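Each of the next two complexes has chain A plus one more chain, namely chain B in the first and chain C in the second.
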Partner chain A sequence: MSDRDDKLIAEANKLSTEISPERDLWPGIEQAIKVPQRSRWTPRLAQAAAVVLLVGASSMVTWMATKDQARVIEVVPVDLVFEQASFGGRYALGVGYQEAHRDLQAQLDTELERLSPEARKEVEENLAMIRGAIGQINKALTEEPDNALLQELLVQTYREELAMMKRVGGLTQHVMSREDI
Partner chain B sequence: MEALLTAQTSDYSPEMAVLSQPGKTDEAGWIAKAQQADAGAFEKLYRMHIDKVYGLCLRMTGNVAEAEDCAQEAFIQAWNKLDKFRGESAFATWLHRIAVNSVLGRMRKSKREQDRIQLAGEAHESPVVQADTGELRDLSNAVDRLPEGARHVFVLYAVYGYSHDEASEMLGIAPGTSKAQLHRARRLLAQQIEQEQERL
Partner chain C sequence: MKKLIANYLVGAALLVLASTASAREVDETIDAASDGHVDIINISGSIDVYGWSKNRVEVTGELGNRVEELILERDGDKILVKVKVPRNNSNNISSDLTVRVPEDSSIDVSTVSADITSKDIKGEQVLHTVSGDLIAEPVEDDISAQTVSGDIDILGDGSDIDVEVNTVSGDITVIEVSGSIAAEVVSGEILVRDGSFHRATLNSVNGEIDYQAGLRSDGKLSVETINGDVDVQFSGDVSARFDIETFNGDISNCFGPKAQRTSKYTPGLELSFTEGSGDGRVTITTLNGDIDMCN
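Our next item is the complex of A and B:
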């Protein structure tokens, strides 16, 4: 490094490193951080989210286990649509969901009988896990009824439950159709 | 501490001035509170560090509006990431890293950098220069006209005193690139300063 370079760096080192903004930036920051981003991930919510993830993974395992029985594999659509609803202690589920759930539960009870004991156990455990997650999220919603993330998580979990019930129905029908042949 | 801050002028002593300065202990306390989502404590941290963060943003962007946006974004990101701050580096350094990321992120998205260079070429006095006094203004002006890569390295290395390893890590480049950019910055600055002297 030449003397001139040394001098340049020494001069640069004297430049102001602290400059005050012309206006107070705090109000904008305060407004942004007051959106309850950090508080959204309460321990309960994190626990519920973890359960949902586990349920998702577990559902896949169940599907893998039961697909062998079906032999013919067909993707069962999970595009169940039910009425827009809010949840928690303050709200009730939509009628569409209630009806879909009731019908599928009746169908499920019958069709579970057609599965092998191992597959049935797997499905029942997964459904219990999903319903446990629903219970936990609902409990969290009673504390934070307007938490959009919790509501979204709950909708997703209800969908997961219905999808699993429908999937089991679809698979057992395949088992039946193959055995009929 | 509160009592000292509100003490009558006649009771003033130099020791009180030292005591009333926000120290490391205060900072650690505010960080701990802010990590528990205490926005009031975070405001204290903001007041303590805004000039350093804004200064860095302004020197890196050379644009008041961009610097304000970057500084705000840096503090918002800091708030969201506070639970990840473990005190392994100084809080100011941690904030600087976030601010540099914020500047780089915005510059990647924005075409304003090109506008900024054009404006700098029109020899207007930038807001960065106004922060400096006397002869330093010429250097500040010259730094502000450097191309982005060279300017970022020069600002971090020569103005803020970061090592090449630290600067390159912050900028996401190799240490060798940081050295090359510094060399380029020095060469361009020397040329600019010579031209300026010849013009005078």
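Our next item is the complex of A and C:
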């Protein structure tokens, strides 16, 4: 070891082994540990994101259901859905579907009032039959979430439900309105 | 007290008499265009529409005794036949009418609780009812028939037309029709027999679907049911790509390969193959039901 090396070691030994912070950081750290972190995903932001996702997905499903067109479906993760129609265990149909369903149900309820008790009962029983089928497929889909046949049948049955509500409501309205000619 | 009971009995008797009063006969005629449009509206009872060679619309039959009037009027090429009833009284309005229209007319028949029959009409037909059966024999032109509660029977003459039929609760039977068909039922059976199609779409939620007809070389047959068996018997050769699947049921076919299990854990079966040059497309799916296919 040279004289130069000895000198360097001696100088190094004189240095402090600790660096004191300019200010006490613990209170901040402690607070950060105790108080739950607030994510940048505030409820409002998450809600907005979910709405954007759901509007897209549901519009697609609703358009399919009401326009009787192709069978393409987008689904969104269930934890982003606030009000949902089940699509197996993992997914749900969202706001667009719900809105279409609500509107058609309201129209149907109005039109059912104008029907005879027998016809009303028949419509309600058949609607219950479709909803029973949806439950049946959903249950099977929960056990086999990747089954393409079940997915297709479920979409088709949701579509059938909306189509029936639209058809019955529309037909009754059409026939009844002819009375006003 | 005796007087009160007597008054009550007299009132009741008058009510019964009023309700059983005889229906009014009707027999009216109006000139019409040879290929115009005829709108027919009758809330309750029955409507039979026949095409004939005369350029006149004739309405015969019986009007319910509470019916206000029979409207029969012409506006250009359009004829309106309407049984006008009181707005807030649906008792004793049932009317049974036979309407004869020029055979090339198109017709639109709307009822609430009435059966509709049409025959020998060469123009387009639209038939609506809420509760009632629809029976039609279209000639050369398209037909759309909708009912909520009732059967639909369509008997064609073999010519190519578009048929669109749907009922919520009832059976659909379509015989000797060719061209395209879209049939939909919630609870009930669908039978399509004879004819040949370039497009056939048959859907049911609860009920069997039976297709006994031809499929053209580039035709598309789509059959879907949730709970119900499917029986497809092609008349003549078929050239198509087949995709057949049942989640819970058997598949038996007299041509093509044998169906395969979709999973070792579930009872589902699927079958995909191409027959002939594969120009057409056949898709059959069911959740719970057996599928039979032959030619």
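Descriptive notes on the structure:
Going forward, the second predicted complex is superposed on the first by the 94 of 181 C-alpha atoms of A that agree within 3 Å, B and C clash if a C-alpha of one lies under 4 Å from a C-alpha of the other, contacts with A are read in each partner's own complex, and residues count from 1 in each chain.
Everything below uses one rule, namely that contacts are C-beta pairs under 8 Å (C-beta built on N, C-alpha and C of every residue); 3 or more make two chains touch, one makes a residue touch a chain.
Quantities reported herein were computed from a predicted structural model and do not represent experimental measurements.
Contacts of A:His101 after superposition: neither chain B nor chain C is touched.
Using the contact criterion defined above for the overlaid structures, shared-chain residue A:Lys166 touches neither chain B nor chain C, since it reaches no partner. Once chain A of one complex is fitted onto chain A of the other, the partner contacts of A:Ile130 are limited to chain C, with no touch recorded for chain B. In the superposition on chain A, A:Leu153 makes contact with chain C only, while chain B stays out of contact range. Residues 115-116, 118-119, 122-123, 125-126, 129-130, 133, 136-137, 140, 144, 147, 149-150, 152-153, 156-157, 160, 163-164, 167-168, 171-172, 174-176, 178-179, 181 of chain A are the ones that touch chain C when the two sit in their complex. Across the complex, chain A meets chain B through its residues 4-5, 8-9, 11-23, 25-26, 28-30, 32-34, 37-39.
Considering their complex, residues 37, 39, 42-43, 46-47, 50-52, 54-56, 58-59, 64, 67-68, 71-72, 75-76, 79-80, 83, 128, 131-132, 135-136, 139-140, 143, 154, 158-161, 186, 189-190 of chain B touch chain A. Residues of chain C that touch chain A in their complex: 39, 41, 43, 80, 82, 85, 110-113, 128-131, 146, 148-149, 166, 168-169, 184, 186-187, 203, 205-206, 224, 226-227, 245, 247, 262-263, 266, 268, 270, 285, 287.
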